[in-house]
Each structure stands twice: as C-alpha cells, then as structure tokens.
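Let me begin by handing over the structure; questions about it come next.
Chain nomenclature is as follows: A, B and C, assigned in order of appearance, with residue numbering initiated at 1 for each chain independently.
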Amino acid sequence: MSERENILGRIREALQFDAPLPGSHGHATTDHAVAESPASHAREWLPSVSTDIGEQFALFAKNAADLKADFQLFASRDDLKAALVKISATEKWQRIASHEGELSNFASQSLGLPTLLTDHGYDVQAMERCDAAITECDALVAQTGGVVVTSRSTGGRALSVLPPHHVVIARRDQLVADLPSAFALLQRRYAPDYPSMISFITGPSRTGDIERILVLGAHGPKKLTILCC
Amino acid sequence: MSTFVSEFKTAATRVTGDARQRQFIRTALGNYEIARDKRKASFQSWESARQAAAETKWQAINHLDTHLESLVAKLEARGTKVHWASNATQAREIILKIVTDKKARSIIKSKAMTSEEIHLNDALEHAGFTVAESDLGEFIVQLRHEPPYHIVFPSMHLTRDQIRDLFQKELGDAPSNSPEDLTMVARRVMRQKYIEADIGFTGGNFAIAETGMISITENEGNARLTAALPKTMITLLGIEKVLPRFSDLALFLPMLATAGAGQPMTCYNTMYSGPRQPGECDGPEEWHVVLLDNRRTELLADPEQRDALHCIRCGACLNVCPIFRNVGGHTYGTTYSGPVGSVITPHLRGLQDWKHLSNASSLCGACTEACPVKIDLHHHLLHNRRNASMSEPSFFEKLAYKIFGMVANEPVFWSLAKKIGWLTQPLQRAVKGSALDPAKAWTKTRDLPTQPLESFKDWWRNRK
Amino acid sequence: MTVTLFIPCFIDALYPRAGISMVEILERLGHTVICPEKIACCGQPPFNSGYWDEARTIAAPVLEQLKDAEAIVIGSGSCGAMVKKFYPELFAKTPHAELAKQVASRTWEFSDFLVNKLGVTDLGAKFPHKVTYHDGCHGLRELGIKTSPRVLLGKVGGLQLVEMKDEICCGFGGTFSAKFPMISTAMGEVKCNNAVETGADYIVSGDSSCLMHIQGLLSRQGKPIKTISLAEVLNHQ
C-alpha cells in the first residue's frame, strides 16, 4: 500500500467519529448546522468599503500611504508618463525591467532606458542589475491598498519582487472594492487554468524581526509605486 | 518521569528569573496587542469572522480525505509532483532523495515550521548540503545555532545589540546596531544565494482543495524569491493546512495577518498552482509538494481535540499567553510552543513525555479567546491532563485527592482538618521556606494566609 | 427567595469574612440564605489535575445537596465556573448528567446574581478608597463576568475605581501555583506591579483564591497595597 493510501486510510478511519461543531466548545449543539460556504459572507464582516468609486479610491490611497507605498492617480496618460519620467530622474534609474503589455510598454518606452523584457526568458543576473521593475497588475484592492499580480499577466514570478523598486501601472477600472471581489475576479478570469503564481502585494517588502521595528526592503522591493490613470 | 519535564522546569526557572528578558518580551507582545486590537476594531464583526473561519476549518478537517484528494488531483494535473509522508523520517528521505538526484549545490529556504518539526536542516547538513535560511528571523537564529523563539517571530528575544554582535562575529559585517542596517546586511548576504540556489524550499500556510493551490504568507518577499528563481522547488506542509475554497482566502488572509501580527494584510500572499506552466517566462521547472502526517491523523482520531488541527499557525495564542510571556519560546523545548504547542505536542510526540506542557498552565483561557478559528485550547489542556492521569495516574497525587475527597465530604473530618490547620500554624511559621516546609513551593516566594480560628462554617453554626 | 449559598473551601477556612459578607448582604436584601453544611469543596483541584473520578467523588454529593435549591449562589468565579461550566462535562454520560445540567442552570456567581438576577446594584455600602479590580480568569472567561462587579463598585459611596493596564491572569491557577511556582510567581509579580502602578490602596476581586496568591506576594515584598474581597467591600459601612 502506498503512503497515500496509508494516510487517506487513517484519515477515513478517524473521521468515522463526529467532532463537535465549531464554536460550541464541547457542548455540541445539534441545532446549528454549518453553512455550505461559511466564509461567503466575509464582505459583511471584513472592514467596510463604500460602494462609491470615489470613496474607494480615497480608501486605497489612505491604505497605500499607511503601507508606505506611493500611490498617484492621474487624469491622463500623459500626466502619468510625466510623473514616471520624473521618478526615473529622481531615482537615477539606469536600467529597468518590464514585460510586454499595452500599459507596461507605454510606461517603459516613455523612459528611454535600456529595458529587460522578461516574456521570452531572461538572465537573472541582468535583472539583478536593474534599478526598477515596471509591471501591470490584475487588480487594485481598495480594502487593503494592495495590488494583484500573476506569473502570466505581469511578466513572470521574479519581476515584481527582485528589483529594488516595483512600479505598477494600473487603469482606473482595475480597482475592486475588497478581497472577496478580488478573488472572484481571479476566478472569473482564469479558472480552471490559473497562472502558476498569483500574488497579493500589500506594500513594499518589510520585516519586524529585529525588535519589531519596521524596516522596508527586507528582500523584496524597498519601494512600491502605483501609478493609475 | 521524562527528562523533558526537568528541562522545562530548569529553563522556566532561568527565564522567569531574567527580569530583563521578560520585560523585553512583554513590551514586544504589548505592542502587538495594541496593533491587533486596532485591526480587530476595523472589522465590521470580528466575532462573526471568527465563527465563519472556525466553521470553514471544521469543514476542511472533517472532510480532510476528500479535500486532500481534490488538492492532489489538481496539483498533479498541472505537473506538480506530490509526495505523501507518514512521518518525519519519510519526509526527510523524500526531500533528501530529491536534492541528491538534483545534485544540489545550494538550497535556499523560506520559513517552514514543519521543517523544524522534522529537523530537516540537520538532516540536509549531515548529508553534506548547505541550507541558507532566507527569512531574516530564521537567518538570525540559524547563525546562533538555536531554534526559533516563536512560530511567527523567530528572533523576537534578541536585542539589536545582540544581533549586531552576532553579525560581526559570524559575517564580519555589522555597520551599526540599527535594525535598518542589520536588515540590509541580511539582504546583501541573500542576494546571490537566491540567484544561484538550485533548490528553493518553502512551507505553506494554506492548501486550497478547490483549485489545487498552496498559499504562502510572508512579509519579506524571501518566499517569493525562493519560489521564483531556483530550478527545483520543494514545499513541505502538514495535511491539516487544507481550506476548501479559493474564496476562503479572502477571509483567512486578513484574519491571519490581524491575529498573527496586528497587520491588516501580510505583505505577500501568494498562491502557487504548479511549476512553471507553458507560456510562462520563469519559475521552477519542477515542483515537489510533500504532504506530512507525522501523527496528525492521531489527533484527527480524537474527536474531542480534533479542532486543534484547525490551527492556522498565526501565533496569537502564544502572544497572549502569560506563561509564554514569562518563560519564552525556548523553554518549551519543542517546535510548537505556547498554548497550541502545549495542546498538540502530547499528541505528536507522546502524552506521558509531554504532558507537563499541558500542566504548566493556569488555564486562564486567554488563548481560546484569541484564537481566530476558535480552537478550544485551554479546555484541551484539561483534556490532556485527564487523559494523562487516566492512562498513568500518579499514585501519590491520586491518593492525596482521594483523601481530600473523604475529608471534604464528611463535615466531621473537614472540621477536624481545619482545626489541625489552625493549630499547626506556629509550626509552619517555624519551618517556613526551609527544607522541612511542606508548603515550600508556595512559601519560597509568597507568604501564606493566616488561618482564622473561626471558619465560616463555625460562624454559620454559631448563629443558630 | 431562598438562596442556597455555596461557600468555597478556601473562603470557609481562610477568608470567612468574605462569606459572612455575602450572607449579610443577601439577608439585608430580604432573602432567606441556606448554607449547606455537608459540602465543603466543588472538586476543582482534582478536576484540574485530571483526576476526574476523584473529582466526581467530591462533586456528586455537592449535586445531591444542591438538587432542590431554588437559586444557587457561589462566592467565587472559579468555583462558579466549576459548577456552571464544568460539572456538565464532568458528569456527561453518567447517571448524574441531567442533574448536573439542572444544577448548572440554577447557579450564579455572587456579583452576577446580584446584578442580573436580583437586579440590584446599590447596596448602600461605603468604602472611601481608591481601588483596582482583578478579574479572576474563570469568572471572566468561563462565566463572562466583567461588568457586574464594576456596576456594583460604581455604587459604593466614596469608592474610586482605577483599572489596571492589562487584563491578565494573576498566576494562581490552583495546583499550578505549587506545581510550577516559578512561573506562578513571575505572573503574580506582573499582576502586583500593574496594581501598584494604578496608585490604588486596595485590590478587589470576586475571587479570594486569586487574592490569596496576590496578597502572599505583596506581603512577602512588603508592598503597602492591600487586598479585599468584593463581598466585603459591598458590605462595608
């Protein structure tokens, strides 16, 4: 018998006996059934998010600021481009990395810098020498101030985590209210053939492992910039 | 009696005598509580969220076979190699075989408590492989050759000065004692290790049955790099990490962050559904997922304590436990410390050898109150005590309670006992604190109350 | 009504004034108080140590004595929790199972009884001191008692209540205090420091067993802050 069968066999044998229902603390209540999908009402219990788009952007902006991520909302692409060029000059970028995409191409090409594109494979040491990564995203999440990326839509697994500065170029219509919406979006978009990596990025990389003092840029990017138009 | 008890008591005595360390730990965990309370208050209903999380985990564990089958089928369909390990020995063998077959020259590791549980690093190093811990806290304790202090905050017991001295000694690189500078040292050290490693090793926080994914939660980005760059990725996780649905993560990720660290969301929450897929530009060519039993099925077979398998390893119970705060994580002498460790270790490592962890508690219940998935933690400590006493009662303790029972139930004996207690008070005062003092455990640090001549029952009787 | 008052073993032997205060308060409110003579202990010590047979030997006569009681009031959060929360579990699947549930449903901790059953908050007491309140863990977390003691103290003449900064266990834990004395003491020291920091003259609690441990530490360390049971404060003129 394989270990798989051993383990599954032990599980089945163990589960012959019922365990008390949750929250009953040993005083099993038979009149309380567990719902089909208990977490499906999560939206009612997680921090509230307004249905108004303007307020959602304000919430995203506040959360991003709390996370020390730099979020800027623009009226036009030209404004976004100007801001990106300014960041590049201030940060003195010499080389950047990015992926093919309508928005990401627009952004990376506007800088006129040597650009490593990941889509058809790349040299990791070359990416390590890049000052910044410019990616698109799958969604912005108002409730958390976070960004959703995947290995299929935003240039692979390493692009959004290896270079020291991650810049996300997003469209206004990519803002979703909350985490349940983000997961629903991913399921609609990809199921059953998901990208091999989906990541919820909530702020620049951080650690509190030394005396619980917050330090940014532990291993992932020290800076996260989100430009949206 | 196991040596583990005396080691526990020795360590507990040392740490409880170290006022500086206790204060340091209490300050850290006090700050955690402030942050956590703020986050909990931001929920529309933390209690409803807890109940839903508890029910979701109940579903997951009470249909564990079905969920594991779904998880594995979906993982394998996309090219993941899934291995099943009944115990630590098998898990180590599986992993050693993979790294040997790959002729691995360097292994980079992100945080995985299951790897501590099976003593993986020792096994790999013994077989000649070098293992680099990439999580900052794990990196630090690896340099000190000690286990993690806390399941979420491995190096919380160390001051910045201690870390600076450590880096100076072991790395020759410690520009200052600022957390920022020290973190950048670790970042520099890790950089090339990520790029050059041939094996990336991770743990897993959740295993999603519906979609065949492993979800990994972290703040630093080291797990993301570990899962992105090396050609072979190995993930080890306990079979109990299952969640039924992808959408369940929308509830569990913020709850894990809130309860575990007082954060609204941990920085990187990443779901992996396979090795590099066709059309993807990077990622491991091979992904091995090792599912670990290691006596979890025994805990599963105990319906009374089965909910201990609901644990999402957030560490909230450790953070609020007054025992943990005063003895620290290393005193427990085992991988899983704090209340959840005190509940499950007797099951995973032997009741008689480890029952003392369940005994070393005042049963205050702060853990049960803090648990985001409503595990009945402090009651299970009682259950472990009952199980231990039933299978191997202590002759003298049992006898003492029998005698106590006879005395308590018989008014004449009870009255007599009180009289004797009152009369022997001068004797007790004479031997107080000395080797002759039967109440030495108390009187070493505390005064005994003075027993009055007239008890309540005396007063009640005299009224009539 | 007729109130059956179950006085815990340590109050009987060591802190009778707490029990006397409870009797006087209830009688002043016009109730008839019965204190069953035959029972001395709820059985928690063997229960907490895992010796449930021995605990049942002690607790079964308690159930028998309380069988016909109209209302059972227990002068301690920890014994109250034993009867109300743990007796049903202790006696599950035994002939006493139903009786245990019955008795549990008619049992109250003292402050809970006054405020939530009798609806009484002002006992006409006077205690012109600054006090802080220690919530015994069993009462707090098993029985949910947090507001009733504070409501009662709020009506005591001249009393000023200041809260300690943390809601944490004092470290008594019954036999834990003797089995793991170094941890028990460390926890108690934190509690004592928190109490002293409030600047209060007294630590008040509905659990005299906690106070025994706290007072033991305070006396040994020569700290001036004193301990007193909730019942004595509420009976104070």
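One rule holds in what follows: a contact is a pair of C-beta atoms (placed from the backbone, for glycine too) under 8 Å apart; a residue touches a chain by one contact, two chains touch by 3 or more.
Bear in mind that the values here come from a model prediction, so they are computed numbers and not experimental data.
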Identity of the chain that, by mean CA position, is farthest from chain A: C
Chain whose Cα mean lies nearest the overall Cα mean: B
Inter-centroid spacing, chain B versus chain A (mean Cα positions, whole Å): 28
Chain centre separation in whole Å, for chain C relative to chain A (CA means): 51
Chain centre separation (chain B, chain C; CA means) in Å: 32
Of all residues in chain B, the ones touching two or more other chains: 368
Interface hub residues of chain C, defined as touching at least two other chains: none
Chain A residues counted as touching two or more neighbouring chains: 26
Residue ranges of chain A touching chain B (in the complex, touch as defined): 2-4, 6-8, 10-15, 17-23, 25-26, 34-35, 37-42, 44-48, 63, 99, 118-122, 124-125, 128, 144, 146, 151-152, 155-158, 161-162, 178-180, 182-184, 186-187, 191-192, 194-213, 215, 217-221
Chain A-touching residues of chain B, taken from the complex the two chains share: 28, 31-32, 42-46, 48-59, 61-65, 68-69, 72, 78, 83-86, 90, 134-137, 140, 153-156, 158-160, 163, 179-180, 182-184, 186-187, 190-191, 194-195, 211, 213, 219-222, 224-225, 227-229, 239, 244-254, 261, 264-277, 279-283, 291, 293, 297, 300-301, 303-304, 306-307, 310, 368, 373-374, 376, 379
Chain B residues touching chain C - in the complex, by the definition given at the top: 9, 12-13, 16-17, 22, 26, 30, 322-323, 326-327, 359-366, 368-369, 382, 384-390, 393, 397-398, 401-402, 404-405, 407-409, 411, 414, 418, 421, 439, 441-442, 444-449, 451-452, 454-461
In the complex with chain B, residue positions of chain C that touch it: 7, 9, 11-16, 19-20, 23, 35, 37-41, 43, 45-52, 54-55, 57-58, 61, 137-138, 140-142, 166, 168-169, 171-174, 176-188, 190, 212-213, 215-217, 219-220
